[in-house]
Amino acid sequence: MRGNKGFLLISPFPQKINRFFKPEQIVDLDEIITVKNLGDEDIDYDLIDSLLPDTIAIIGQFDLPKTRLEKAKQLKVIFNSEGNFAQNIDYEYCFQNNIYVLNCGEAFALPVAEMALGFALDLARGITKTDKEFRNNKENYLAEACKNSVLLSGSSVGLIGFGFLGKYLIDLLRPFNCNIQIFDPWVPDSVIRKYSAVPVSLDDVLSSSKFIFVLAGVTKENEYMLNREKLSKISRDAFFILMSRAAIVKFEDLVRCIREKRFAAAVDVFPTEPLKDNHEIRKLDNVLLSSHRAGAIPQAYEKIGNMIIEDLKLILKGLPPVIMQQARRETVGKLKNKPSA
Amino acid sequence: MRGNKGFLLISPFPQKINRFFKPEQIVDLDEIITVKNLGDEDIDYDLIDSLLPDTIAIIGQFDLPKTRLEKAKQLKVIFNSEGNFAQNIDYEYCFQNNIYVLNCGEAFALPVAEMALGFALDLARGITKTDKEFRNNKENYLAEACKNSVLLSGSSVGLIGFGFLGKYLIDLLRPFNCNIQIFDPWVPDSVIRKYSAVPVSLDDVLSSSKFIFVLAGVTKENEYMLNREKLSKISRDAFFILMSRAAIVKFEDLVRCIREKRFAAAVDVFPTEPLKDNHEIRKLDNVLLSSHRAGAIPQAYEKIGNMIIEDLKLILKGLPPVIMQQARRETVGKLKNKPSA
Amino acid sequence: MRGNKGFLLISPFPQKINRFFKPEQIVDLDEIITVKNLGDEDIDYDLIDSLLPDTIAIIGQFDLPKTRLEKAKQLKVIFNSEGNFAQNIDYEYCFQNNIYVLNCGEAFALPVAEMALGFALDLARGITKTDKEFRNNKENYLAEACKNSVLLSGSSVGLIGFGFLGKYLIDLLRPFNCNIQIFDPWVPDSVIRKYSAVPVSLDDVLSSSKFIFVLAGVTKENEYMLNREKLSKISRDAFFILMSRAAIVKFEDLVRCIREKRFAAAVDVFPTEPLKDNHEIRKLDNVLLSSHRAGAIPQAYEKIGNMIIEDLKLILKGLPPVIMQQARRETVGKLKNKPSA
Amino acid sequence: MRGNKGFLLISPFPQKINRFFKPEQIVDLDEIITVKNLGDEDIDYDLIDSLLPDTIAIIGQFDLPKTRLEKAKQLKVIFNSEGNFAQNIDYEYCFQNNIYVLNCGEAFALPVAEMALGFALDLARGITKTDKEFRNNKENYLAEACKNSVLLSGSSVGLIGFGFLGKYLIDLLRPFNCNIQIFDPWVPDSVIRKYSAVPVSLDDVLSSSKFIFVLAGVTKENEYMLNREKLSKISRDAFFILMSRAAIVKFEDLVRCIREKRFAAAVDVFPTEPLKDNHEIRKLDNVLLSSHRAGAIPQAYEKIGNMIIEDLKLILKGLPPVIMQQARRETVGKLKNKPSA
């Protein structure tokens, strides 16, 4: 009576199934819901449409307009396995029809937080810079070589955006006893204070932090928010660490600041990826360059698989999901993050 | 009646006075003890000998054999400002005559711990490596670029040596929830367990840790302890991070392991510094190179100044020093760390 | 144009308005929404009905059947200020019409957690018992008096239920380094593991914990779950601490266990309150008695006021509430907690 | 060749050997040092004197004047198993002859810290008081019963004395996020700041703390320091918790404050113990009474046994002890704690 259980429809293109699940996990899932694994080569909408009437749960980020959703009368949950709420789903239909749309984004938060901390320590201590000097027989030693090195411990840290990334980063920063100030207009002050941080304005984060971490997702409201005028508030010995999305900054303004040595930076995301070969930033030397490598590590994908399984089990037991992030009516329409698989 | 107060004799060569103290701090000290600042250009033993009869406290690491110490009948404390207990002091005389010999080494522990964490995150995530690829238009993006990246969180960590460096590092590692195992034959098990770590043998640290941190000072017993046979126990995907002293390892054996890609490494200390220009390790690519830059940052020297002032004040009030590390009869003769100012 | 802003309707009977808000807070609220404060003497349904068409937000726990909710076409949020999701609201109507039903329960979690810790330390060390002996000139001193005292640190702790109460308690327990095991069938294992605890069966919590904390709300599934058979699994030297709801246990079975000295207990909640004067438990002596005093302290009510204001401001800005707990379709119908103001 | 190993002389009167060691631990010790267990009924000085020439280590607190110590030419360590440095040892002789005098006091710090926290929560929430009301059918319920209850979380906490007790207590207080201020003239500011606390004057601790913990040992300098004038600085809603030694306070002044309901208190130590039956404090009702029960629990004694074994092993290996507290020349003569076994 397998069919009675309804379908779990898996079609995660452009993601890869085996990043999320080991084969035995799929087998285990099939014990509690009939798995229809459509592969990850591309998206077969005809096949999808034919399966939707019996589908209870979907893993993927293919287009789900109202016309398609209306076919899925038993649908309870859509697991987005890409990390963003893209605008190719009729969210309002889902809200009205008790269909959860769940996002795996939290799975990337710990890898991003570790990377952000690694970037901060690299900038504070000149790790990458010294390795390069060593390769050119130009290294100095001991105190002479450390004149510009500073501790992260006890320093002033500013976070722009306080979602998952910020919460995971603040956990890692705890033993450093930093003075942490946070700008996030979507987050009430008491939430920030609960994390022993101080809610401040964007200008305050920029002008009075030694380490500035950009951790916000892109919305209609904050796109290109960090322009030349805002970046000019950053103090000359600060470290600017761009982790979440390039579109938060006017990228050419950031490049100019780096070129003019207004501050040092680490950059993991770019307006277009791959970055073109002759982009000026490749030659600048007070910037640490990273190719969108903060989140997408194998352990993050394994975690996504586990998150999906745990929330799916709750839903099949008639309980609410508690692991993954739900799309919310008020904000899902404002998000502008681009896919980044 | 300045003279009645006795002298604080400052002669920190090869260290620099102004790394430790701001001018106003010297002025403040002079309120409670007559400061005899001999400068830091070199060591004037004649002048020192003439001042010793009235000297209560010394800051420096010049030679203090018995013949010289016997002149200093009022001497209560020697502040070593270099970070090691060198063998140029008659410690036994000091022990028998109630002269504290205090070491500033703890001041370097936090900078070293932050650097060690930075190295670990760099190796785990390929930070320096990716920056180099970027400069050569060779970077990959996203999951494809992160195939070998791993989390520090939840991993197995091994510490070789559990003095100040280890204790500060373990504090920074706390939010990472690692499984930490420690080898240190001088430290009882209960001390290690108090830090939520597990005491193990050297072989166990080497064979079952993903991240191995070498944090021990050099003694007669552990010199060249990490030879080819020991290094061969390290697993192929491990990260070997050499922080404290190069003489713990047989350096040519370590280089061979790196050359043969047996494991990846970060190296901050070398058998001779500066390292000679044509040393093979400069060309190897699964090693992160750093020129003895982990400890000697400006904030460490400022902390030494503050530590000296606090312990000196206690001693002048007739209380025991509690900040700096005391030389101890049983171990001071076994230490073989070389000066590293 | 005050009226254009819509109404905040406050009618918190049997709660008291001034527990939640200082007068100036009400004034401030009135700047952003027209406050209709109906007082807390009783509930005037006629007045409520007349105001509902312009009402955006409600603070209170009065009856809201579908017929009444249909009058409130602009209603966005109902702030329950009592702490439970009672069954006098048509939740399904709210879910379908995008009306948030929010619960202040988290505000009580910290006071309850502190009280639970206080009870545990009292039982472990005989605090109340010794004070009573002192009053009767019967106290013993020192080791002789402490033969049965145990540390909480390092002990085995079991939690039954892992909602807010459990999460706040586990935070307070962190420095005690206990081995914590948790039974909660609504919470996935990964959530429990994230708190460094171990998910186990109810029987395991009961049979292998030294300190057992009952922290679950009452549902159709767990009512009277801790009956004689279950309670018999508790070990003879354990401490049973009943914090959340009396209806989790068969109370007469618990009393029998205490009478037979099967284990020691602390009890803050009773099947009927006030407990009748001749109830046997009042005379038993290996039980610590408390009159439902764990949560309802002044600071909890102040926090509720702040929580309401913060979430209301988010909602009025078009953002989702993030502070208070939302009623969820799957579980709200299963809850059986009784009012306890 | 057992004799060659020298003797471990055990004579812990008035303490009990089997509180410290299990029989198998003594057997194990005898493998590395010849155990001469003189029992704990009384002290046989003739026997002791005959064994001293071959004695390497002593466990006990019997009299050790110079004349007796001079017999013990091989003596390396005296383990005081009572918890105080009493004035019946010639400490100066020990310092000059490289004999460690070690104190087990730290073993009591965790039990005392847990008890102090238990007292604080009891006073803040009226735990003992409510239990008493319950027994008399006088209890109130819910908010009405909690009007005077306060959170420990976020409150101002003052510590008088910052030795082991303070450090263990501050660890337990960490999740409560209190504002902690400390008075201890023997401890430099940087040590207090390292624990995220603020060094202040005694008057500041008294006048601006909600919870005041007395944790100092008695010295010539602080005896009877908390007299009527000092106690009058305590605010009317504060909680005064006397943990370490009664002689820090003028006890009759404290009793008067309690009688006049100037503040509430918890008292674990008394000027004479047992307290006489008709002592006024037994009848006062805003005080929690405890009969010197904070430290001497079975787990503390087991820990002392383990501490002795670990430090003894280090000493026999030629390493310095690192677990127990060393007597220090500057302070050992100032201590006035009375025995309390």
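We call the chains A, B, C and D, going by the order they appear; numbering starts again at 1 in every chain.
One rule holds for everything that comes next: contacts are C-beta pairs under 8 Å (C-beta built on N, C-alpha and C of every residue); 3 or more make two chains touch, one makes a residue touch a chain.
Being a predicted model, the structure only gives us computed values, none of them experimental.
Contact with both chain A and chain B is made by no chain of the assembly. The greatest centre-to-centre distance from chain D, using averaged C-alpha positions, is reached by A.
For the pair chain B and chain D, the distance between C-alpha centroids works out to 34 Å.
Centre to centre, using the average C-alpha position, chain B and chain C are separated by 51 Å. With touch defined as above, chain B holds no residue shared between interfaces to two or more other chains.
A ring topology is adopted by the chain contact network, closed into one cycle in which each chain touches exactly two others.
Here, these are the chain pairs in contact: A-B, A-C, B-D, C-D.
Taken together, the chain C residues at the contact with chain A in this complex read 95-96, 98, 186-191, 306-307, 310-311, 313-314, 318-320, 322-323, 328-331. Interface residues of chain B facing chain A in the complex, by the touch rule stated above, are 16, 19, 110-111, 114-115, 117-119, 121-122, 124-128, 130-135, 137, 139-143, 145-147, 149-153, 171-172, 174-176, 273-275, 277, 282-283, 288-293, 296-299, 301, 340-341.
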